[in-house]
Structures are given as structure tokens and as C-alpha cells.
Amino acid sequence: MGIEVMEDIRKDYVYDLIESGKRVDGRGFRDYREISVERDIINKAEGSALVKIGDTVVLVGVKLEPGTPFSDAPNKGILMTNAELRPGASPDFELGPPNENSVELARVVDRGIRGSEAIDLEKLCIEEGEKVWMTFIDIHPLDNDGNLVDAAALGAIASLLNTRIPNDRYELTGEDTLSIRDTPVAATMIKIGESILVDPNLYEANAATSKLTVISNADGTISGIQKSGTDGLKEEEIAEMVEIGIEKAGEIRKKYLGDIEA
Amino acid sequence: MGIEVMEDIRKDYVYDLIESGKRVDGRGFRDYREISVERDIINKAEGSALVKIGDTVVLVGVKLEPGTPFSDAPNKGILMTNAELRPGASPDFELGPPNENSVELARVVDRGIRGSEAIDLEKLCIEEGEKVWMTFIDIHPLDNDGNLVDAAALGAIASLLNTRIPNDRYELTGEDTLSIRDTPVAATMIKIGESILVDPNLYEANAATSKLTVISNADGTISGIQKSGTDGLKEEEIAEMVEIGIEKAGEIRKKYLGDIEA
Amino acid sequence: MGIEVMEDIRKDYVYDLIESGKRVDGRGFRDYREISVERDIINKAEGSALVKIGDTVVLVGVKLEPGTPFSDAPNKGILMTNAELRPGASPDFELGPPNENSVELARVVDRGIRGSEAIDLEKLCIEEGEKVWMTFIDIHPLDNDGNLVDAAALGAIASLLNTRIPNDRYELTGEDTLSIRDTPVAATMIKIGESILVDPNLYEANAATSKLTVISNADGTISGIQKSGTDGLKEEEIAEMVEIGIEKAGEIRKKYLGDIEA
Amino acid sequence: MKEEKIELIKDGKRLDGRDFEDLRPIKIEVGVLKRADGSCYFELGNNKALAAVYGPREKHPRHLQDAKTAVVTYRYNMAPFSVDDRKRPGPDRRSVEVSKVSRESLDPVILKEYYPKTAIDVYVELLQSDAGTRTAGINAASVALAAAGIPMRDLVSSVAVGKIDGEVVLDLNAVEDNHGEADMPVAMVARTDTITMLQMDGRFTKDEFERGLKLAKKACHEIYELQRTALIEKYSKSVGEGEE
Amino acid sequence: MKEEKIELIKDGKRLDGRDFEDLRPIKIEVGVLKRADGSCYFELGNNKALAAVYGPREKHPRHLQDAKTAVVTYRYNMAPFSVDDRKRPGPDRRSVEVSKVSRESLDPVILKEYYPKTAIDVYVELLQSDAGTRTAGINAASVALAAAGIPMRDLVSSVAVGKIDGEVVLDLNAVEDNHGEADMPVAMVARTDTITMLQMDGRFTKDEFERGLKLAKKACHEIYELQRTALIEKYSKSVGEGEE
Amino acid sequence: MKEEKIELIKDGKRLDGRDFEDLRPIKIEVGVLKRADGSCYFELGNNKALAAVYGPREKHPRHLQDAKTAVVTYRYNMAPFSVDDRKRPGPDRRSVEVSKVSRESLDPVILKEYYPKTAIDVYVELLQSDAGTRTAGINAASVALAAAGIPMRDLVSSVAVGKIDGEVVLDLNAVEDNHGEADMPVAMVARTDTITMLQMDGRFTKDEFERGLKLAKKACHEIYELQRTALIEKYSKSVGEGEE
């Protein structure tokens, strides 16, 4: 009970502050926390990135292995995106098989990449109908201070951009770099009161009742949207959020993925 | 506690009524509730039937897929029968993996079909030792007002009688109709006090402490029996139930499967 | 609560007795309980042994089946050791998937056999890269009165020494006896107070806070060690336990495996 | 998306003859189950969805109760025979996510605070599927909740929009979904135009997205009317027949 | 049933030399385990079954307690090495069903109402199997329950009958079961001729069924005597040895 | 062990240039996570281990509480991308055993009796692995527990010894482990020379075993100093920066 009261007080505090035009950490409503992206830090992975957004830390690793293609796409590689909300990353995460939150996180990131067709799956065919590269994107949150999805999505595309194809390990020949054709970037917003805030930290995320993630591409098109939370949003609010999301994704892309040709 | 008291009262009521020669819904002891069988209602299934017995509703679907035969029966198709007691069908059904009741339901229906050799499994061989048709019978109760097993068994054989072999989908050639050689039909009875009742509805099933399902064939032979419940039955009672079961199955077969040549 | 008090009293009793140089069942500190090994008692298994150490009873069965080799060891058979703490064997064992105790039991026995290279895995190759014998050692405790691991390890090597390769069942040709090159034997000790006791019975095991299992071979080398329990041990204590363990294993080997050439 | 390119629009019509802004045929039946407290059968073209609602009832185990409100669960399940390739029974990742967003689509309208410590359980079975299953499920569930007498602010209506052959169209069927360029399921409280579910995959320009959303909004209004009519008919019939 | 046709009856005898109405050799040992409250080892031909009984003991978790009676559980388990092809550990559908009908076969004789809120747990391990395992398990469990001092109305005895080469015979072994035409396991309270388990698969005429049931009944009486004798011997021995 | 024979020692040096008694480079960072009550990042050569500690906190469900002491859990987990062949997520038999012995390695130093009914949860993630992961994990966990303010008798330090090309050497890397003859992970309370974890596989003579244990002991003392230094530095820095 004590905990619930504390939570209510904290929510009220966040609300009141926002009503007066401020955020708990002093940011502007349209500002991200500080972002950092470190690449290639796991040498056992074919690609990896450690992304920090404020105190939120997500490690993403990409592994490739030969496997059998699906019968309805014999000439295409396979993409599998997985997220585990490891209990070390938050007192709110529990041991056990993936729950709806980890499944949603993985699937939203997955759809962004798939929708943008960032990976040319046909180039991951080794032998039609027999053998293709299976690409596993594993999302491993280390510290959750809110907005895992933006960090995970950024980590995923940053990892992919540096992924090597492990031909040698499997005694295969072929191109050694993964061909990436677009750079989907997620931007997440919440609505608190009448205000739209980007990149919610944990306090804000807990205080908000609806959240929208927009994944957009280098050309400004959208390749993924996910609303979550228990309150509705108006059409105009969503339109505004989509606009902001595309803009923010553009800024992030330029700053953190800009050195890479996509 | 309140619920338990209610249940005891309801059981007493059912008992007392039966003692005086009546059933809660006014039927005779040897009468089924109204039965209906609608076939081919799921166009994604190779065969399907919606069976209603009173307010009990069970949907059965049959799917066929090519698969590898068992090594000790290289020239035979494979039959798999599965039942899920979906929680929408009853407040007593819970989410989760199959429990002993759903397993028993599936296995009793399965044994009836297998024992009667209704399906000619050898005709489901595509290439000996390599590829055979796997036949999945999925039992999907929609509303449980008692006696799921008779509805499920009737749905299974009704579905099978209309099942098409999806050669086209898998680019195979061969006969397009499933060859069915017999029509096993289940009839379930309970004993309450000294009376034997067929087709127990939910109230009756809950009041009864022993139940017998008899599956019989077109020629009057038996291809499955299952006693359940926590009380014993005498040899004479069982003999009587078997007799009734065969008779009732014959009536159901004639009325609901009669238009089909087996 | 009552149960916990009983347990504390029992522990105190065991302790006090040991302080005065005695064990609950009158044995010397370095004595095993009576051991018996019956071989080949399960005719469906390729090898089997029923081992009793006092009232502790463990049945071990070995099965062989053809399977696919691991890609990094194409010319080697596969060894799998499994233990199930069946709830019939103890009121402390629960239904459900393997827990840490059953996993540890299986893995300690497995490492002893693997480390000693008792099984010549290369002789279990049927066709390089395609087909090898998979050897399953299944540990099945029937009655747990303490020291399951020594009984399980003894049962495993005793079973292996009599294991036949079921070439006939799979229409294969080749040697019919499993080639066993060493005889790893486990000896388990606990420390209570300042005393070291071998072969703890259940009371003693519950009273002890640290336990050491030493698996040693015919030539006196060690092929497995496992410390468990919540208290530490000193280097000298461990050295003494290893010494005792090798000696005890030697005695057991001579008496119960001695008739077999390894 | 896009296994092989097939032409989805011919002479301005879709393969099943619909115009861009046409819904597939809808059929709604209320109160089709005896055991459930509320139920609804909802057909959308070849989709057949059945929703059963139980509650408010005691939530157990107790430590999952919420002292302030009812706890809503929503389970979306595809029958094994509802698709071309048999679906293995049991929840998969897709159904876990669909269940979550569907529950959240209904959450805003359910007056959960009226029934603290209770459970309101929504079970949706897809008996046959042809793309758009989650929207059919939400439409069914919304009506079933009302039929169960659960106090609600309003009904929720749901439909998908998508993009095929470069055109923004309403309510994709499976062929269109498999070969199309984008899909966006939407749920909303039609009367207040409040969007309670929004997902999108594939690729949309911002303009296409906005047009899609408007199209969905319009269709949700149509669906809302059908849901309302079905409930009213059921209710008047009940009264007429002296049923309760 | 019937993988390939082999002759199961020659010169009026079965392959293992038995007459149609012969049981396989039976061996019963009572009280073979230290930890269990009651136990029994039961051999039926090549079947080796071991039953361990615990209880009445506290049932936990508590929400599974029954305020009126003890809750009986029964777990039938085949050891991985008990069959030709290694059985993967853990329950499968077959063992779930066998456990259910076995529990129900014993339920009528256990005076569960004497011990409300408790658990009576029966664990049956099949160490070697050769058809008829569930009947061997029930026979073992029935004796183990008695040995555990669980108050019972009577013992339960169990055997299967079947049909091979057109003949109704008693107690099929694995070869007969695999190549036979029908199998029917039966359990009963022999003294009152009350049938507490009955299953059947394959194909029987009504007449064959009735003859089979009579055959099973006769054999259950034989088994009942063996069970009784084993318990009495154990008990007198205990008394003789001054054991408790 | 021993897939194919490769030479692991050349001219008295190991393949990575180390002498027999050399540790791989170690890097320790304390307090790297915001959410955890205590945390530590520990690098041992190419191993990257991250430990997060939560507690003492309420243990739930309640029936798992211990009225006398805190309940310590320890979960060792390898990230899917931490090894050459992707590891399937979720616990396997190896990680279950490693978690058990790791927990027991720390148990003797935690003053669990100070916090009855609570949970102390240790989560160790292996982000990259190169043999010796359980020892890296224990070293990280020990520091993280201290950083969380859990009262402890002392720190625990851990290292493995092994045998390659017939020589007893310290701290095997993956190549050495795969092609070596024995491996023996050890954990100890360095200050009191109390061994709290000891496992061994492969083959050791008694003499090799004893030499190995001495080598491990010496190295644990080195590691202990590094752990202590890292904690002191973190603490002085915190004080210096006015942090808590």
C-alpha cells in the first residue's frame, strides 16, 4: 500500500510540473535525453551496439547462422528479433519466459526493420530452398530508466549497419557485409494532460496513460507505429505525434547513424 | 462457500427429480437433447462440422499436411486428435496447456476413430517412408452445457466424412476425398441413483459420480469405451449402458450421418 | 513450525553424537553403509543397475539410439545424462521439471564419466557426420536416504560396463559391447563440526553445511569434484577429503566393479 | 508482405470487387453462447470471430486482484483450423501482442473502477481468418462486453486500412495483406473519435498515413452503427420474447 | 494395433505358452521403500511397477485443499529406459490420461472424508513395461495405499482383457497388444464386483465385450487374493519381527 | 575437451602470451547501473560480466519467505550473442547448475540473518564469454553485493585453474579450455582462505589438483585486492563528489 501511495504522489508531481511547462529532469518537451551509441563492443556477435538514452541502457547483438528458409520464401534470409527484459535491468522485470511487454518490444522493433526493408533478405540466400542466413537481433536491456523501445530500435539498426556475415566460421563464401538499405529510427511520445512529450523517462512513462511510437525512415516515410497504454488519443494528437516523431528520428539518424551510408 | 452450498442444493434437486422419474429439462431418461450438425462451415479447414447437442456447441476442424511417417509404419498416414477446452466455452475452463480433461476428451475421440479403422491410413501414404498425410482433428468446444464428448465425436466423424485432401495446395496429385470406412458414434450415459440417463446436461453431469461413454460402429460393434468419475458401476449396469449406447449411436448415425455413404 | 523445530532438534542430536565420536547409525566416520549392486535387471534397457547404499536406492538405465552427431564432433557418439528426482523417492521431491538438485546430480555424474573418458565416444560413430550412437544414462532414484550421488555414479558405471549396443534393433552391424576404458567412482564426504564423514545418510546430510564429492579413476586420478552446501571448507580439509575420496572409491571399485575388466 | 508481385487492383476495383473504401460484408450476432455472461459472433468477410465475456467475477489468485479496479484480461486465439497451414495450439508471440493491444483498445471504455478486486475476462476465438482478425475480434469483444452488462462509456469499433498497388484502401483481405505494401489496424470510440488502438507496418508516407486514418475513422462509424443496431435488436427481441 | 499380421495363437496356446484365460506370473512385495508411507512392488510378467504413497499429509498450496475430503493425486510415470525406444522424461498425453483413470479407479475405495484438507499422493513408476502397465500400476497402488494405513473400503484389483486372432483372451503382453484386435483394461473392487475403471480400444462385438468383462472379473478375484496374501504376510512378518 | 589436438604452449608461453601463473587482464567498474541497488561490471580477458543486485526487498510470493533469514537467489545468464553459436534465450541445465554453485559460493559471507523474510536477488549477465564466465560472474556479484550495502563478512573472489599440454596453469581462456585436459573453477574468501566453490572436470592427478588449488588461492588474493580497490575508489569518489 505504501508503495502505491508513493507512486500516486510521484505521478501527481510529474503532472503538476508538466502543467507548469516543466519536466522532472529539466528537459524541454521535445528534447531527448543525452544519447550515446557505441558499436562493435561484443566481439562474439556479428554486430552489436550499446545505446544509452539518459540512464536507459540497452545492448543489442546480432548473430547470423545458416538455416533452412521458409517454404514460401525459398530465396530469402530469415529475420528473428527477440527481447528479454532481464530482471537485473529493473526491479519491475521478473524472471521467466517473455511476457507481453518483452514480446511487444521485440515485435515493434522487428516491424520497423521489416517494414522499411532495411535488410535485403534476398541477399541472405545461400542456396535457394536449402540454406539461408538466419539473422537474430537480440535486445538485451541492461538498465531501464524509460523508453526502452527507442533505445532498442536504435541499437538494432546501429548493430545491423556494422554486421559482418560470418562466412568463414561456416566455411562459406560470399559478401562479408550485411547490405542495409534504410535506417528506421523509432521516436516515442507520451501525452500527459494536454502536453506531448518525447522520450519519456521512467517517471513520466509511469505517469502517462498513452504512448505512441513512430518508426520512420531516411526518406521521411513511416514503417511502423504502435500505440500503447490505457487511454485513447485524438486524431489531431496522433497526427502531431507522427510529425514530431519523423522530425526527431531525422535528428537522431543524422547524429548517430550519419557516418554510415545506408 | 456460498457457491458450494448452491451446488449441493442443485445436485439434490437433480437427484430428487430423477427419483421421481423426471429430468431437469423434461426429457425422458433415454432421450438426447436436440442435435444439429452443420458441415463445411470453415473454408480454411479441409473438413469441419459444428455440432450442437442442446446448448452444447462444439466446432471440429480437420486439417491435412504432408509430413514424415513413423519409422514403424512407413506406409501409413498419421492421425492426431487434439482438444482444447477454451476458456470462453465455460467458466470452469481455464487458460493454460491441456489438462487431464482435455487430454481425455481428445484421446477418447481418437481411440473411437482409430479402433473403428474409419480412416484408411494406408491411403494417406504419399511416398512410402518419406511423406504421408498428417491428419489433424481439432476439437474446439464453443459452449459447454454438458456431454462434450458425444458432440466432439460426432463432429469428428462428420468432419472426416466431408474432408478434402488438399493435393493442390502442396502440388501433389492423388484422390481428393478422404476415404472413410466406418462411422463411429459416441453415446454417453450417467448413473444417478439407480437410473441410467443418456446425454447428461451440465447439471446432471455435475450431479453424477460415474459416466460411461460407448463408441460404436455401423455394424453394432464397439470401438471404444471410457468410464470416468469417482464411483464404480456394476457389471449389469455396464452391460445395460453398452446396449443403450449402441442403440442410441445407431439412431444418431442414421439421422445425422445417414446421407453419407461410409 | 513444528516441523522446523523437529529438524533443529534432529540436527543438534546428529552434531552432539558426532562430537562424541559416533554416527546415528553406529558406523565409523570413514565407513560406507552396506552397498549392493544388481546388474541387468531391466531387460528393456541396454544396460542397467540397481544400487543400494543403506536404504538409499537408485536405479540407473542406459539406452542407445542412433542420432545425428554434433557438427563439431562428426565422428563421435553423444552422451546424455539425465536425472529425475521422482516424488515417490522422497517427501522432499516435488513433481515438475528438473530443478537445480536434479540437474546438479545428473551433471556431476556426467562429468565424472566424461572426464575419465570411460566411454570411447569415437567407437560410437556409425557413419561419420551422419549417424552416431546416442547414449542416454537415466538416473532414477527410488528411495532417498542420503548420498544419491554416490549411488547414481556407481549405478551409471555399473550399467555402462554391461551395456549392449542394440545393433539388431536398428538393423546395423558392429561391435555389440560398449567399450569402457575406465571406472570413475564417486565418494562423497561432509564436514560436521571438525569431523569428516563419508557417505552421509539423510540425517547427516541435512545437518551438514558443506559436502564434497570426489570422483576418481582406476589409476587414482581425479575426474570430477563438486563442492556444495552453504559453508566453506579449508584447503587442508579439501586435501584430506580428496585423499579419503580416492581411497574409498578404490575400495568400492574393487568390491563392486572388480569382476569387470575395464 | 510481397511474396510475389500480383496485381491487386484491376480497372479501379479490388480483386474481390470492392471499391477502395468498401468494407467487407459484416454480420453480427449477439448472445450466441449460453455459458458466457456476454457473447458476440462477428463476421467480417471470411473472418469468423467469437467473443465470450465473463465477469465481473472474483479474480483469483488473490494477489492478482487490484483493490481499486477490475482487472481486464483479453485472450485472442486462432483455432488450429482457422488458417491454411494448421496453427499449433497455444499462445505464440503474435497472439500475445494482439491480446495486449486489443485489451488496451477496450480499456478506456470499461468502467473498471465500479468493480474493484474483480476480473473481467474477454476470450476471443478466431474460427476462420482472412486478415483483419484483430479488428474483427475487437468488434466482437466490444459488443460481448456490452451484452454482458459490463458498464461502458461507449462501444469500440475497429478496422484496418492498408496500401495495395500504391493505393490507400480500407479493410485488406488476406491476399491484399500478403501482397500489399502497408497495413494499419485502428480501433476507436467512434462517437468521440478517440483512437484506442493504432498499429502500422509496411511503409506509408505521412500523407498516406493521414488519409488512411481518415478512412478508418469513417469505417469505424459505420461499424459502430452495425454494433449498436445488433445490440438494440437483441435487446428488443429479448424484451419482446419475455426473456431476460 | 496390427502393424503386420503375425500369428498370435498356435495350437490353442499363446506365444508365451499361456492358455486364453491365464494371467502372466505375478510377484508382489509390500513395504519396499523406506521414505514412502506405503509402497508396493508389483510384477506382472515383464512389467515392473513400483508404487509409493505419501499421506495423508498437508495439501499445499492451500487453495488446492478441499475442506471436506482429502485430495488424491495419482502420477503414473514410465522410466525412460522402461521401453524399447527411450521415453523422453516428463508427462505426456498418455500418462496424463492413465493417471486420471487410475486415480478414479481407486477413488471409490478411499475414505477421503476422514482426512479433510489433506493430500494423499500416489506415485507409480513403471520401471519396465510390457503391456498392461496401468493395471500393474493400479494393483501396486492399491496395496501401497493399504500399506500406508490409508483407510479404505476395500482393495482394487486390475487386469486387461483383449482379442487376438479372433479370440478373447486375458492379460495381453506387448506383442499381443501390438498385433491384436482389441484391448480392454478393467479395475474393480473384487469383493463387491464393482467396476471402477473400464476402457476399451480396438473392436469388440457386444458378445466379445461381455465375455471379456467376465474374464476380467474372474482374474481380478485371483489378483485380489494375491494382494491380500501379500499384505497379510507383510503384516504377520512385521508383527513376528517385532517391527511396527 | 580435446576436439583436435593443438599446441597450447610454445616456448614456455601460452598462446595469448601469458605465463602459466598469469591472470588475464581484469577491469572492474562499480555502480554502473541506476536501477539496481548495487552493480558491478567485471572484465576478465574477453569475458564481460555484469552483476545487478536487488535487496533486501520483500520476498514474494510469501510462502517462499524464510522466517529466519533472507533468501538469496542467483541467476547466471548468457546473452544470446555472447558466444559464437547463438545461445537460445532462457535457462538451460548448465546455467541452472552454475547459478546454484555460484549462489553457494556467496552464501557463507552474506549476513542473511539480518534480514529475515526478505529476498536478496543477484542477477549476472554474461555479455561476452571466453571461458571462466562463472568465476567472472562471482567476482562481479561479490562486488555488487557490497555496493548494494548488503552486510557481508567479506568479499568472495574466484578464478579457475586448469591443465593444458600437461601443465597446470591459471585462468584458462576458451581455446585452452576446449583443447585442455582439465578445468577447475574455485571461489574463496581470500582473507580467510575459505573455499566456497570448487568444481573440477577433466583429469588431474592428486598432485596436480593440489598444485592447482594453490595457484587458484594465490590468484584469488590478487583478485581480492582488485575488488577491494575498486570498491574503495568508488566510495571515495562518491564522497568526493558529494554523492551517496
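Each chain gets a letter, A, B, C, D, E and F, in the order it is written, and its residues are counted from 1.
We take it that a contact is a pair of C-beta atoms (placed from the backbone, for glycine too) under 8 Å apart; a residue touches a chain by one contact, two chains touch by 3 or more.
Keep in mind it's a predicted model, so treat the numbers as computed, not measured.
Enquirer: Hey, how far apart are chain D and chain E in touch steps, shortest way?
Expert: 2
Enquirer: Just tell me the minimum hop count from chain B to chain C, counting one hop per pair of touching chains.
Expert: Minimum step count, chain B to chain C: 2.
Enquirer: Based on CA centres, what chain would you say lies at the far end from chain C?
Expert: D
Enquirer: Measuring from the mean C-alpha position of chain C to the mean C-alpha position of chain F, what distance in angstrom results?
Expert: The answer is 27 Å.
Enquirer: I'd like the Å distance between the centres of chain A and chain B, where a centre is the mean of that chain's Cα atoms.
Expert: That gives a centre separation of 48 Å.
Enquirer: Calculate how many whole Å lie between the centre of chain D and the centre of chain F, each centre taken as the average of the chain's C-alpha atoms.
Expert: Each chain's C-alpha centroid was found; their separation is 51 Å.
Enquirer: Using CA atom averages as chain centres, what separation in Å is found between chain A and chain F?
Expert: 31
Enquirer: Where does chain C touch two or more other chains at once, residue-wise?
Expert: Expected reply: 98.
Enquirer: Return the residues of chain D touching two or more other chains; collapse runs of consecutive numbers into ranges.
Expert: Correct list: empty.
Enquirer: Line, ring, star, complete or other: which one describes how these chains touch?
Expert: ring
Enquirer: Enumerate the ring members one after another: first chain B, then chain D, then the rest in ring order.
Expert: Following the ring from chain B in the direction of chain D gives B, D, A, F, C, E.
Enquirer: Across the complex, what residues on chain C touch chain E?
Expert: Touch residues, chain C against chain E: 42-45, 48, 55, 57, 59, 61-63, 65, 82, 84, 86-91, 95, 97-98, 136, 138, 140, 142-145, 169.
Enquirer: Within their complex, state which residues of chain A touch chain D.
Expert: Result: residues 72-73, 98-100, 103-104, 106-107, 111, 114-117, 212, 217, 220-235, 238-239, 242-243, 246 of chain A touch chain D.
Enquirer: In their complex, what parts of chain E are in touch with chain C?
Expert: Those residues of chain E that touch chain C are 33-36, 39, 46, 48, 50-52, 54, 57, 75, 77, 79-86, 89-90, 121, 123-125, 127-129.
Enquirer: Mind pulling up the chain D residues that touch chain A in the complex?
Expert: Listed in rising order, the residues of chain D that touch chain A are 1, 3, 93-94, 96-97, 99-101, 104, 107-108, 182, 184, 188-189, 192-206, 209-210, 213-214, 217.
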